[in-house]
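The data blocks that follow each hold one structure.
Presented sequentially are two complexes of chain A, the first with chain B as partner and the second with chain C.
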Partner chain A sequence: MRAFLPRTLALLCSQRPGRLELPLARMKVKILQWHAVASWTWDAQDETCGICRMAFDGCCPDCKFPGDDCPLIWGACNHAFHLHCILKWVNSQTSTPLCPMCRREWQFKG
Partner chain B sequence: MQLDDSDGALDSWAGFCALTGDLVGGAGDLSVGPRLAPAVADLCARGLATLVRDYFLHNLEETFKNNAVKTFWQKFHPYNNSSAVERIKFCVQESWPEDVLSTALEDICLEKSYQEKCVLVLVHTLQSYEEKARNRKLQAAECSSSLMPRYQLMVSSVLLTTLPLSFPEILNVYFKKKLEELNTLMDGSGDNDQLASHEFSGGSNVSAWDSKMDIDSQETVISESGNLVKNIGKVVRDLRCLGFTSMTEDSYSSAIIWLLKSKVHELAGDDYRIPVLGCVKKWIQAVPLQFLHALLTYLGDSVDYESESSGLKSPLASRPSSFPGIGVPSEALLRWHMRLEYFAYETLQDLRIGKLFEIIVDYPESSPAIEDLKQCLEYTGQHSKLVDSFISSLRYRLLTAGASTNDILHQYVSTIKALRSIDPTGVFLEAVGEPIRDYLRGRKDTIKCIVTMLTDGSGGNTSGAGNAGDNLLEELNRDAENQENADYDDHTNMDEKQAWLNSESWEPDPVEADPLKGSRNRRKIDILGLMVSIIGSKDQLVNEYRVMLAEKLLSKSDFDIDSDIRTLELLKIHFGESSMQKCEIMLNDLIDSKRTNSNIKTSLLRTIETVTGQEEAEMSHDVLDATIISSNFWPPIQTEDLTVPASVDQMLSDFAKRFHQIKTPRKLLWKKNLGTVKLELQFEDRSMQFTVVPVHAAIIMRFQENPSWTSKTLATEIGIPVDSLNRRIGFWTSKGVLTESVGADVDDHIFTVVDSMSDVNKNSIVNESSEAFQMNEDEGESSISSVEEQLKKEMTVYEKFIIGMLTNFGNMTLDKIHNTLKMFCAEPSYDKSLQQLQGFLSGLVSDEKLEMRDGSYLLKK
Partner chain C sequence: MTSSSSPARKMLSKIACNRLQKELAEWQASPPGGFNYKVSDNLQRWIIEVSGAEGTLYAGEKYQLQVDFPEHYPMEAPQVIFMNPAPMHPHIYSNGHICLDILYDSWSPAMTVSSVCISILSMLSSSPAKERPADNDRYVRNCRNGRSPKETRWWFHDDKV
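Our next item is the complex of A and B:
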């Protein structure tokens, strides 16, 4: 088959291996709907919560649904935890609560 | 007593002999009788009574044998001497063997009754002598009383010793023909409508039966059938008289049974949609029992003879039963009734068991046949027959390579449903289901098919039965609700008394029950449980469901998940909320996505309106929808790089930016290869719509800038490997949108837009537009790794162990491989189930790495 290809086309191809400079196409593509897929992430430095050891993009043991229902919170020390986890931790401390990771005093990042 | 008077003795003997000869050969002349007395008395006085008796009997015997018996059998010679084929000619003659039989019997019985009279003459003579002897206190042998029984014995032994082999056959033909005649007579009368109407009422109420008789027509039938029965009765009586009692009874019994059998076959046929048991029972009462009643009455046997029932009361006797037209039946008739019903049950049961496979295919339309079968089995108790026969037909017809997994599963479900009514305890179902389950476990697509059948309303149901759009799960749930409502045992507040009562009513399992599989009290037939037991564990089922759900959700172009939510709720009921947690999150993601989408889109549109100069944007943000998933809870998703056109990319990043603003600090990560795109290709002379995956859209959109691309350049532009591009672009060439030609470089193909339709068959345009919005099936390449792939990946580490084991041991069974892996595989430790291993091994078999022979695996050479 290849032997019978028009000479000119074969030439053209060998000369310009990339984009073929031909007249502008008359075909238009109209997008009617683009249904895309994405995943969300908290974009924390660590993968898992240092308190419950569950993934940040998952949820704490007390929650059923991740995301809005089980948010993350950052401390002034830049350590992140599930909100529910750190609240439990803070409430359980008798003295001044410390960050479970770095033992600095826990303060919510403003 | 003058014992030496020998001359007198000889005289008396000669006289006795001569008179005996006259009497016996006297052709109806009994006049010589009285003259016998002196000679007999003399001989008896000489103690020769037994000699007198024996001589007399011998004389009768010779005469009977040489005359009556000879003529009797001669009547049947023509039949006896013919070949089997010729005999049929006799049988088809209407009057045969009735005429021959009745005249022959008449003749011989006439002769016999004359001989009996002769016997009585001697009996009386002997009696009067014996009486005198007693009065004189003389000792004398008592011969009179034994004479008649000896005579009867002689008659039957003569007949039986000369009996031609074919005589029982003749009797059989006779009774069959007569019963057939009687049957048509009864059937032709008013019984027809009653039998017919009974087919639909289904019950078996005896009292309703005789209420609506058409008196006039019935009377003629009764008199006609009365005559018929009388004739039969006469023949039976004659036969009995000749000593053929048991042969006769055998003969008409087998004729009745034969007729019953053919009646059952005729009524039952191959139609499983009507109940027949009631009809059969009705017929038994209408024909054979009426006949037997009439016959027994005619023969004088209908009186109850308690002695014969030997204290055994039939269960039927306890019923206040009064048969139509019979009144209170005799014990003998009741026994017949039981016997015939048992036989009918057994015949129908065997017939239905033989066709059980077809009946189950027809289920639930065939439930009347199932109901009949159930009643039959309750009566006969031959459930094991069903189990054996059905298993062998399953093996032969269903569990073969040719049957699809779907078909097998559907037949299995139908089997469960059908057998559940026959066998509410599930004992036999357990036995029948085992080979099906075993077989299904060896198939790779079983889990997938089960999950589809459970959760998919339309796809699974190939038979078309059941409500459309209704999946098996919903059906099961309805069943469960119904069961619960009817179930008193399961009340949570069952008090102690009730518990005690329950334990009182406990019955042992039937013998077929496997004691390891729980007792009937606890066993409730749980179709879902049976399906899960095929798979091995509910976790595997749930996992497969999750993968299928993910695939389905990710290829959706809308957020309509009502039916999936319903299915999930049902699954939660059966498998528990925690097992379904991940699936619930997946569905929740779609609900959230819908909300987030509309928030983002309204805010984006507002922004654009305010910003001037943006109106010429190539695409409105309106066309973009996004499914935003919580990827931790979804099955592993294969992401591939894809460079989408700049316009689309802009749209995506606008969307992501807005998401980040709304949900700070959460971010969106696009999975650009996933999703669904609806697009329209606009040409000068036509336009076409397609629903495609993003990579197809990315490819075709490039052809707006340039009508021709080489595969290498295009692959670079789109950011996918060339071989992947060549595969994907096939979609557009197959649709006639692009053409392919070969460039200078053999590997580098050139694709060009087919601009005008002039050179393409116009018909294809029409087809194209009707095909619009259809996903290309080749695109079924899933973005979700299937459970099988996941498992394969996890199992691959064990492959070298398995190969090594088989190299050492030659061949090993599944169990042995499983156990050996469990024992020796420490790093990584082996934690797979037997089913998972089986699935993996069957994968190795289809990859031709292993072979399976006689239930063992070995290395493929």
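Our next item is the complex of A and C:
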């Protein structure tokens, strides 16, 4: 997971602590307290799972909550899927399972 | 007493239902060229009209594909057959069954109805002659009682057509 700092917060953080210099009016701002809000996203090349076609930042059709409850998993070939989706595929295969995207032998990335 | 030629079909799973709704929405937003989905309220059976591509043996001709989805689609391939009359093609039997690996052994859950349709049109377009497979009569006789092509053990021997 990768967290992004909102722009304004990043701006504030780039200033020296406790002081914010504003270009026109010279005034001192003292930050007493701040509340950080971050967003997260999966760092996958695609936006949707190739099996269920749901967004990676959402969850597979069997889950309710994205994130740790419905994680992404990468194969040795670097293709990502919802863990629950690729497990259904791998378990449904009687012979060696192949990556649904590139047909190389499916192996979980170590 | 009644009898049905098609095997009893199980209801679509939640995943299958979800994915098909997405595929249908994507299809309606940008349908693959040469195909026309016949609107119905049955998500589990799609009827798709195919138009032969210009400059090929099938130019100006129209055929219909019947696509049936199994309970565990997309972990299992859909059953795709041509409705009567099926195009004359070295890999299409007169009962509509299609000898195309991605519909059986080489199916992948990353494929969609749209990508399957494009493969079928490409197979039609590259046909050198309008003829039936050499073993057509024997195969069709073996398929009486409405056997699904998914029960056939296919032999894929020609990757040119």
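Just so it is clear, the second predicted complex is superposed on the first by the 82 of 110 C-alpha atoms of A that agree within 3 Å, B and C clash if a C-alpha of one lies under 4 Å from a C-alpha of the other, contacts with A are read in each partner's own complex, and residues count from 1 in each chain.
Assume a residue touches a chain if its C-beta (ideal position, glycine included) is under 8 Å from a C-beta of that chain, and two chains touch if they have at least 3 such contacts.
These numbers come from a predicted model, not from an experiment.
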- Message: I'd like to know which partner A:Gly50 touches here: chain B for first, chain C for second, both or neither.
- Response: second
- Touching A:Ala76, do we find chain B (first), chain C (second), both, or neither? neither
- Task: Could you say whether A:Leu87 touches chain B, chain C, both of them, or neither, answering first, second, both or neither?
- Result: neither
- Check whether chain B or chain C contacts more residues of chain A in the superposed model. B
- Can A:Leu98 be said to touch chain B (first), chain C (second), both, or neither? second
- Could you say whether A:Val37 touches chain B, chain C, both of them, or neither, answering first, second, both or neither? first
- Task: Return the residues of chain A at which the contacts from chain B and from chain C coincide.
- Result: none
- Query: Considering the complex alone, what residue numbers of chain B touch chain A?
  - Reply: 554, 556-558, 581, 584-585, 588, 592, 619, 623-634, 648, 651-652, 655-656, 659, 663, 665-672, 674-684, 689, 694, 697, 700-701, 703-710, 712-713, 741-746, 748, 750, 753, 755
- Query: Hey, which residues of chain A end up touching chain B in the complex?
  - Reply: 1-2, 5, 9-10, 13-14, 17-20, 22-43, 55, 57-58, 64-68, 72
- In the complex, the residues of chain A that touch chain C are 50-54, 60-62, 85, 88-89, 92, 98, 100-101, 103
- Along chain C, where are the residues that touch chain A in the complex? 14-15, 18-19, 22-23, 72, 74-76, 108-110
